[in-house]
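To keep things simple, chains are lettered A, B, C and D as they appear, and every chain counts its residues starting from 1.
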């Protein structure tokens, strides 16, 4: 079956770990502009939903998923098996330390920073190839502010950002109810050539 | 202590019943423009949070809270006691039938219709005094659409509507997280003199 | 250069015609799951931004863009030339009448209905192939309500819907300002096999 | 005529100056809990819409409106005359310098900081009486972040914050269109006794 970005949330094994929701994942992947041979790093990979889709898009390349929580690491591995993805390496650890032996990348996702956002961004800059894309998803004011300020201060990056708020419509008998997902901000930084 | 509109959500007894959240309640009350001697009807009163605040504002008047669920009826009564409100009559029943013996009102809130919105709106029109305000809160597409269309078709009403989406900011250690409340639409219809 | 969905808004010629914004276009296209040989119909095509991207995705198929306003028709033609798209036919007219001689389609977009939504939906059902996708974008309560109700009443379709609100972040000197785009609802109906 | 908070936007003279919209003004005023004898300071008063409403609520007290732009100063004065408000003093200048000769206050609004937010907040802390309320409205990520962090770092304040996004519904013939207002965040800090 053909792969289209935006695998339905309920297809992923997820436990109690928060997951990037389908509509958000589609836009985050869209901003990353992943090509088949790309090297991708997903920092704070959570359930791995984004890593899995990145791996399906970078099918001639490789995805490194960094996750600090053992349940997350296990979930990513199980999701990789479920979706038949074999170009995904899960690294159990904390960034930036866990970034040590990873090759230079075309795309870096930052979904969680464990309070080390500034160091991670500095290290990401080193790791990112020319024309590479760094996509930060922010669900806190701190990540939004620091992500914007650190990246906008670097002349070698072009930065754009937006927030999105999704309202799911749930049909219950003859009514269609409005149900909010949490808002999220997406900061995309493209490294100049 | 002085009363200000917008009692904190956690001050109300609420069980498992959905409650109109504080920020929304403030705007709904604001649109109702309740004066001290007003008669107010709250249809689908839920936990009674809106009825209680209406009763505090209409302290020389009276509030009729209509609620179909026995747990709701009980909660409204207990909340009235908690807030020392004695100008609030709880009516256990379903609108429009439960509106039978209620006097003409200055303000009617419609927070729940149990599928009888059109009959309730027709009856509300009869019950509302000149210059009276009818405020509908909609959490479904159906209530929003029917509320707008029924009210906009009545030349004796001036109708305005807006939607609001509140994002609470929750401090967790050194982070401020964004947490969405469900969106809600508010339709205010003012009866011409 | 490789094509990625979500061409920047400022790349399109647009005049004074409202345009589906980039973030919305990405999600609308994503829901449509266009394959290279697909036949696509875009009803109420406006500036053609969605038609152009559909044509780039259905590069072995064909896109029919229906638009009633002459300025829109002209803009779509000029945008097609600008993006080197030659599998896009612009039809100047009003749906459902303008749908007369169009072949059966894999994907139908409805972005504008000129008040004929119900007839357009009835006709679209006939035109859509098994497993076809009908994607309605709604910027009015009426399109949202009618789109949901007509489609949910048809047992041969699976319907899902959500709303999205994008906030663009605009850097002005050292400040990042929040600027809202108008909210939009997207209803996706997939025809059963 | 009785005053109710939330004067309609079109009642204010406004020129090209951005104005706090009606629904937002209602919630900002609600968080400020203004009592009739209160002293209120409105920093970055713009058109004066908030100052005017504060003056109507603090009718035995006084409002100091600080505004740096001459057009704003003029607009506030004209709006004060239009609404018959005589307990409002307009100060043409830039905070924190313009705060020099202002007495201690019960409520301080910060709607604009001209890049001096941290100094203004430090000075506001000195100016605010015990149990006083400081309400910051933020339309930039910088004001939101700095407002939260400066206030949350001060143990003598209790801080709460939320964002709101209003969608106006505009009736055009038989359609109800969705039109977004820009999102705004409101940070309320209450000084402990």
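Everything that follows uses one rule, which is that a contact is a pair of C-beta atoms (placed from the backbone, for glycine too) under 8 Å apart; a residue touches a chain by one contact, two chains touch by 3 or more.
Note that the structure is predicted; figures quoted are calculated from it, not measured.
Enquirer: Which chain lies the greatest distance away from chain D when centres are computed from Cα atoms alone?
Expert: Chain C.
Enquirer: Counting C-beta pairs in contact, which chain pair has more, B-D or B-C?
Expert: It is B-D, judged by the count of C-beta pairs in contact.
Enquirer: List the centre-to-centre spacing of chain B and chain C in whole Å, with centres computed as mean CA coordinates.
Expert: Chain B and chain C have C-alpha centres separated by 38 Å.
Enquirer: Suppose each chain is reduced to the average of its Cα coordinates; what separation in Å results between chain B and chain D?
Expert: Chain B and chain D have C-alpha centres separated by 27 Å.
Enquirer: Where in chain C do residues touch two or more of the other chains?
Expert: 141-142, 148, 163, 165, 167, 169, 176, 178, 183
Enquirer: Note which residues of chain A are touching chain D in the complex, please.
Expert: Residues 141-142, 144-145, 148, 163, 165, 183 of chain A touch chain D in their complex.
Enquirer: Looking at the complex, which residues from chain A come into contact with chain C?
Expert: 2, 4-6, 23, 26-27, 30, 33, 35, 148, 152, 159-169, 171, 176, 178, 185
Enquirer: Can you name the residues of chain D that touch chain C in the complex?
Expert: So the residues of chain D touching chain C come out as 115, 139-143, 165, 167, 169, 174-184.
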